[in-house]
Structure formats: C-alpha cells, structure tokens
C-alpha cells in the first residue's frame, strides 16, 4: 500500500519525463565515453554552464508572469564590461564588490524594462527588443570598442570564479546558491507567489487587489539582477570581455526554461524542472564535445529537443482533456 | 430602527450610451437571504459590480449599515465585508486551493515567508464543512465547477464577509450539488451572513430566500416576501409584458424538410440527437444552459466534429468538416457570443458583413470595395441598421445593432438553414422586437431557422416546433399548438442527480 | 424621434478624404522622419549628400533585410512572430551555394533555395497552426534547429560560388542611378501591398489577426492561411538571402544573426502591431528606408555601428509609445488630477458635456430650419445659449459640491 503510494508519486511527478530523458542520456554517456563520469569533467561541465544557469533563473521570473525578456544577453554584456572597466580603473576593489556592482547594474537595466512593461503597458517582446539594442550599444559605449584580455585582470578577480571549494569552482556555488534562493523565493514569499498569481490570471489578480504593474516591475528587476550577476561572473570566469559577450544567450535561456516546463503564457514553472533542464542541456553539450566532430550538432539538437518537449506537453494536455470529456460523458 | 445592512437608492449606471441601471433601489436586511431575479440583461450583473466596487455608479447612494460609502475598487468592498462569488469563477487556476483562498491575505511566518502549513490548516478548516473531499494542495484547475464555487465561498468566509453575493451559483450544478449548496446557504444565514442570491430558478428562491427583488430592463420592479408572491405574478414582474405583444404575426408557409440530424453523438457533450427542420419554419432548441444546445449547433456548423451520427441536407447526407464547408452547403450560424465569435470590432461594418463571402466581390483577383459596400448597405437597410455609416466600426453600435450586423453577415451568404444561437442575448426590448421581425421575414422568404433560446416567452412566441434538450439528450418535442410553459419546463427539468440549470 | 426615415438612414460613407487626417497618419509621420533625416544629412554633409553615388549606396545598404521585413508584416499581422528568419535565410543561401558548388545551373539553385526557405516556413507554420504551439517558442526552437543544420552541413566552410549577377543585383545601379536592389525590393513590396490591401487573402489576414475565432466562424480556413503566411515568410527570407549573398559575396553558417529582430523592429516601426490585425504595408516600406538612412547618417557622424543600435532601440520604443498618448490616456490624467480620482465627479462632467452638446445640436437645428424668421431664430438661439450657460454653471457647482463632499469624507476616514 505504502509502496504503491510512493510509486504513484514518482509517476505523477511533473518532471518525470525529463528525469527519464536525463537517465537515458547518462546511460548513453556510459557507452559513448567513460571519461564523462570523471570528476574533472563533471566539475568542468558545471563551471561551463553556470552562467547559463543563472540567466535561466532570471528569465524564469519573467516567464512566470507571462512576459518575456530578450534583453538579458545585452544586460549580461553591460554588466560584464562595466565590472571589468571598474576593475581596471581601480585595482583595489574586492571581487565581491565588483559582483554586487554587476548585480546592481543589471537590476537597473531590469528596472527600465519593468517600467516600460508594467507602467507604460507596452508588449514585453517589443520593450525588450528595443532595450536589447540600447543595452548592447551601451556596452559598446562603455568599452569604447576595446577588448579586455586575461592579463588585464587583477589577480583577485581573475582567481575569484576559479577558486576551488570541495573540488568545484566558486562560480558553481553561485549558480547553486541562486537556484536555492530563487526556489525559496518563488515558493515561500509573498512577492514570489504574486509572480505566479499575475501570470495565471491577471483578471483575478485585480480582484484580489494585487498591483500587477509593481509585480511586473519586480520580475524584470530580478531578471535584470540575475543577468547582471551572470555578466560579472562571465567576466571573472572567462577573463576575456568585449561588448559582444552574451549575444544570443537569451534564446538559449528561454529554451532551457521551456524545456523545464515553464509556461510561456505564464503562471506555471517550477524550480526543480528548470534545474533538471539545465543539467540535461549541460550533459548534452558536454557529451557532444566529447565525440569528435559532433559539437556542431549542439544547436540543431537543442532546437529539436524543445520542439519535441512542447509537442509532448501539448499531447499530454489533450489527453487530459479527452479524459475529462469521457468523465463528463459518463454523467450524461 | 435600521435593520438594513445594505441599502441602495436611485443608483444609475450607464456605459457609453447604454443604460445598465436606471434608478435602482435595493434593501438587504441583516441575516436574510435575498433572491435577485430578472431576465438576462436586466441589469443584475452590473448591479453586483456596483456593490462590489468594480463599477462606480454615475449617481445614487450606497449605504452600509446606514452610513454612506463610496467604493473605488474591489479591495475596499472586501475590507467592508462584501464578497461576491461570480458566475464565472475568478480564481487562479494554476495555484493550489489553499493559496486561492488566502491570496491577498496570506498567513506569513515570523520571518515573513509563506506559512504554507498554517494556510493549509486554515484552508481545511474553512473547506471541510463545505466539502470534505477537496484537497487543498491540488491546483484549482483540477476541481469541478461546483467545487471551485465552494472554494470561493470558503474564501469569502475566510475574509469574514458579512454580505455575500452569489451570482447564479446553481447554474451548472447537479441536483445533488444544489442540495448541498442550499444547506450551506442555510448554515451561513444562521451564522448571520446576509446573502444576495441571484438566480433564474424558482426552486432556488423557494428553498433559500426570504425575500425576492425583481429587475427588468435595467429598472427596479419590486420586492416581495417569497411566500407572498405567486409564480405567475413573479413571471409577470420579470417579463412585464403580454407575450404576443412582442412577437410579430407569422407570415411564413412551412414547406419541405431541409435539414435532418440523425443520432448525432459527441463524447462528453451530447448523445443521440435527432431532429429535422423545414423551410419556412422556426425550430426552437431549448432547455437549460449547459444542456448541450450550443454544442449541437457548433457541430452542425463544423466547429466541432461529431463522433457519430449523420447530417442530411435536402435528403442527401453531407460531411461538414469546417465552417467553410457548412457555409458552402448553405448552413449559417449566428454565434452565441457576438463579441468573441461574431464580429471584429476594429474593422468597418461592411468588412464584417462581407467576411464570409469575400469571393463574391473579387474581380480579376482584387476586391471591389465599391461592390462590397453597396451590397452591405443594401443588406443593412433591409434589417434597418442604425449606424453612422457603413464604414463605422461595430464597437460604436448598441448591442441590438451589433446583432443586426451579424444578421447582415449571414444574409450575405447564400443560405438555406440559419442557426441562431441566443439571438437576443443581452439586447434591450425594443431591439429584440426588430430581431424577431427579421427572423419572421427570413422564414417568410424560405429559410429554415433553428433558434437556440433559454427564454421561454421567446420560444413560445417565435417557434413553430420546439425541441427540448436535457443533459445532452433530446428530452421532448412539441408542436407550438401543444406546447405550454409547464410542459417545456417539465421536460427540461432534471430528474434527480442530473445536471441542473436555469428555468426562465 | 425614431421615425422610419431615421431608421433606414443612408449608410453610404459620407466622410470624404480629409487632408488633416491624412497628414497625421502614421505612414505620413514616417515620411516626415525620413525627410528629417535627409535634411539632417544635407545640413551636416552637404558635399557628400549631393555627390553622385551616396544616396544609392545608402539605399543599397538597407536592402538585404528589406524583403524579409515584408514577410514579417504578414506574420505580425496574424498576431504571431517569427524569430527564425535569420536562420532560414542562411539555410536557403546554403542550399543555393551548395548546388552551385556542385555545378547546378543558377536557375535550379535559386529555385531550390527559395523552396528550402518555403519549406522551413511551412515547418514553422504547421507547428504553430496545426499543433497550436506558441509562435515564439516554435521559432526560437526552429531558429536553433535551422542554424544548427547549417552548422552541421557547412562546418567552417564559406560558400562563395554565387553567380556574378547576385553581386550586380546587390551592388549595381540601373543606368548608374537606381539601385537594382531597390527596384527588386519595390517590385516585391508592390506585390505584398496589393495582396495585403486589395485581395481576399489580405482581408482574411486582417480578420484572423483581429480575431481568429471570428475568422473561423466566418468560414475562413485559418490553419491553411497561417501555414501559407509562414511559408511566404520563409520565401521572403530566401529572397533576402539572394541580396545578402550578393552583398557579402560569401556565406558561412554564423552569418545573419540578429536579422530576425531587426526585421521585427522595422515592421513595428512601420506601424504593424505585434498583437495582430493592425498596420499597413506602406509603413514598413518607408521604415526600411528610414533604417538605411539613419544608419548611414550616423555613420557619417562617426557614430560606431555598435552605438547606432542604441538609436534603433530608442526609435523602436518611441514608435510603440506614441499611440499610447490617446484619448484614454488624457482622460486618465484628467480623472486623476482634475476629478480627484473620483469617477462620480467624472460622470457629472461627462453628463453635462453631453447635455451641452445636445443643446448645441439644437442651435444647429435652429439655423437649419428655414421656416423661422430672423427674430424667432435669434430668440431660440439665445434661449439655447442661456441653457448652455446654465448647464455649465450647474456642472461647475455640482462638481464643486461633490469635491467638497469627497474631501469631507476623506478627512473622516483619516
């Protein structure tokens, strides 16, 4: 009886399909390349995907409200170059301050998006398309077109992201920490739950007295802050910075969210799904890079996976509808 | 001396040029259940929205316990203890039941985070007396309509509502669920909650209410003690006119059968639907809301696909896979919701009118707007449309005139069968009459008309034959000569444990 | 009042062309912007502006994206979006390039390239229309998929074997005056404009864009038309690809990123709403030129390309904000600041305004009534004027009283 219950719980688990896919992939990895499971590779994979993970959390906030933000790649650039320039101007700023500065810059960019979406009521897609250009240009203005290379970085900042704790790089802990904080925020705080509320029904939110515009602004500010954090860590991790960094990252981040079950129409999306989706994508990238000649397959594969995921989702929904109809039919 | 908890005097509310409430008054006593009745479009919904602060009255006063109040929004009305349970439940479908109940007044821990445990416990405390089966951790969207309504009641109770407004709460409940709701209402009354109970069903009124107020055509008609007023008098108050006054004399001659439906079946919606309609005839399809009438019409029109059954046109079986097919065969549908399904509010009237038949105006690949307008003007004159000009957007018209545009759109097609789904819904009395005239002219010129209607007088006044549906099946067929209000009602009313609905 | 004459009133459109309306139409505003940019260029660099070849080179520089914008009008008109067009362009260039490398005749290669674009579009369209997936998700995914396919097939290679007339089309001028690429664009634009504004297909797009449910109930085959529109989008991306390949003379898999968003930006600047159902074909056509001229002007002002995009972004944002300053916006301001946020007071003012309007209509009637003598007319007009004045005064008093009442009540609450 009890066992049965646990089994059902597992089967009913929302992200069941994703978990299966992940397990299948990992088994495939066993056959493809055993060295995938070395600690060094796992650690490296996590490091390489931390920036994406952080961006993904950010855009999740916005998607939950039913919006979209395609300016996060540009915000990442603004933050990344600002932090780097700050560091070059004043060598004595400690890395953590630089990172906080990056977060603040990102949040400021997000505030602009949030204001235009929440208060001016412009379609999010268009707002962030516009600010995507503006921020990208701004990043260029800040750098004056210059590239910054590893030798220009201060010792402290250059080693910051790569500081190993328990064999993992510090940047990984940022990402994991953010997952936990964001998960708690979305699950257990009033503002977090309001993101879901306005995403699931803007009409009902009004009746419940929720200030939709303010909640939207919050979502975009948080998203910007995450992108800002990602920018600062990008700089610390790769040590090569120009105004072009992060181009196209927004699409990948949105794609991972969709794969993780975040609904683009708002109201639905859970942290666990997104975490699994991030891991899944990381595993795919890592595996492809281990098979000679196959790393070019990454984009095509990611695109195909999203399409399949959404089709499966829709098929699931229509099956549920059919079941509901049959139930009704029995009553007739 | 004042035992009124809520009092409204001379409340006027207009939208654009349309008067939704003209000088309405209302008195709700402490701890009573007060039924509010009236036909569709009588102003009940607007009235509730004024009480809950969704709309602000143009003039008039609202007194709560003798003190004048102004409500700017729903939050203010909630603070004063006024809660409404709307017909279309306003919930957060993706969020859990507990969260739905406490949205806006969450229970927090000392650290300021959600106290899920306390909220679930409290939610159970409110829900369990209403319905023990509801799992408060499940998302709202997994609940049945009846259960969602109970959640809304729990929500109102959790906010210490003194005045509870229920907008047709029994409309989509089964018999059994209705009984449960009645006992809940009785319990609330005993606890001192004052309830405004909007309903179409006499049974609801007799079971729960002490007093009844009737609205008609945006006006206050009167209030009575429930045990003092007879059914007949109440109907008269609601309808307010002799039936034959409103309905024009029939001039059509009924000819051969045009459309026949045999054994139509759609899982979850309807079963074994068979009827036929003849040229020059109005066949009324009636029954309670939710009996499957609209779905039958949509199936004939090709919006939904039937699982089984045949549709015959002029004796030949036809396959309809889409509305385009239906229109090609000469079957047209006037949809139930003209705003969502009938008209594009942003495009000019003439473009709406020609939408289904753009091909007729194409010359050498291009649309001739001149022809298009000329035809639209001709049709709109025929139906006496009142509009600034033919290029005005439908959004500038009154409800009745908007409906006329939808009629013009149908007349533009070369049709044999017209399906009219609630053709007079939300239309004021004067305009109704002209819609009826249009329908009569149509039958006189040989159209076969299927008219879906929930309004009994309309059915009796317009139809030649009547098909009553109940819970997805045909429950009775009457010729107009044999039909009476009682017979139709008896056929459409529900035996125990079937789905229920409205009765006027 | 409702005599039969009024009921069967003349529905013919009486309103004729009005210059004042025409001059403030969005398309005209775009023309002004274009003119202003030109003027700026003339003032700043007069020599250069009138030098032969400058204008042509400006125009040519904006043409590679132009055809794609036309396809985007259709997609946006439906209320959908397509962010895979940059990738589609590269895929169709790739098909052309590979076939040419393999020695196929140019005509075959071009047809195959266009067909490839169309097929990519159909793929998008089927997923959006048939499977009812949101267009944003579908096209984000397919842009990865299409570009991924290009990456797999092309690897690090660059395809260069395009026929010479590709670059003539992109770089040449007819008679040394009119860029071929502009002629090509305008020819395609005329077709798109005619289809959108004069044909059944275009009308159906407007109806679907405003409400696909109404379209379905009107017997319009929504799914089919959506698929066609996405296919047309793919084809126009392929046509853009011809100009693109001609301009760059070589194609590699990483090119053309960001084109999709630029195309959307131009279409929106041209007045096409992303919600669907609104806009004209002319606007985006002008917007294509605005973009080209703006880019060049900024170039001449020594503004770096990466900074120019700031202007692009700001112009886009301003363009979508302008229609917001409408009647409702000002009504909202008035409600907030003049009527103290109280809708009752607003209602008093509205009612009184309506009353006065009716009285004024009465005056007009008096003037129109030829049976009256001069004296009678004057007397009646005076009467009406007195009524209007009284109504105005009453309105003022009512509002003042209501405001005082409101203030008193608010004080009580505090």
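Just so it is clear, A, B and C label the chains in written order, and each chain counts residues from 1 on its own.
As a convention for this text, a residue touches a chain if its C-beta (ideal position, glycine included) is under 8 Å from a C-beta of that chain, and two chains touch if they have at least 3 such contacts.
None of these values were measured; they are calculated from a predicted model.
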item: Contact graph of the chains (line, ring, star, complete, other); value: complete
item: Which of A-C and A-B has more C-beta contact pairs; value: A-C
item: Chain centroid nearest the full-protein CA centroid; value: C
item: Separation of mean Cα positions, chain C and chain B [Å, integer]; value: 38
item: Averaged-CA centre spacing for the pair chain B and chain A, given as whole angstrom; value: 44
item: Between chain C and chain A, distance of the C-alpha-averaged centres to the nearest whole Å; value: 32
item: Chain A residues touching chain C - in the complex, by the definition given at the top; value: 68, 70, 116, 120-123, 125-127, 129-138, 140-141, 145, 243, 247-248, 251-252, 254-255, 258, 264-265, 296-304, 306-307, 310-311, 314
item: Chain B contact footprint on chain C (complex, rising order); value: 6-15, 194, 198-200, 203-204, 206-207, 210-211, 213-221, 277-278, 341-344, 347, 351, 406, 409
item: Chain B partner contacts - residues on chain A that touch it in the complex; value: 184, 187-190, 193, 196-197, 199-201, 203-210, 267-268, 324-329, 331-332
item: Complex interface listing, chain B residues touching chain A; value: 73-75, 78, 90-95, 99, 103-104, 106, 108, 112-114, 116, 174, 267-271, 471-473, 498-499
item: Chain C residues touching chain A - in the complex, by the definition given at the top; value: 81, 83, 127, 131-134, 136-138, 140-149, 151-152, 155, 257-258, 261, 264-265, 268, 274-275, 304, 306-314, 316-317, 320-321, 324
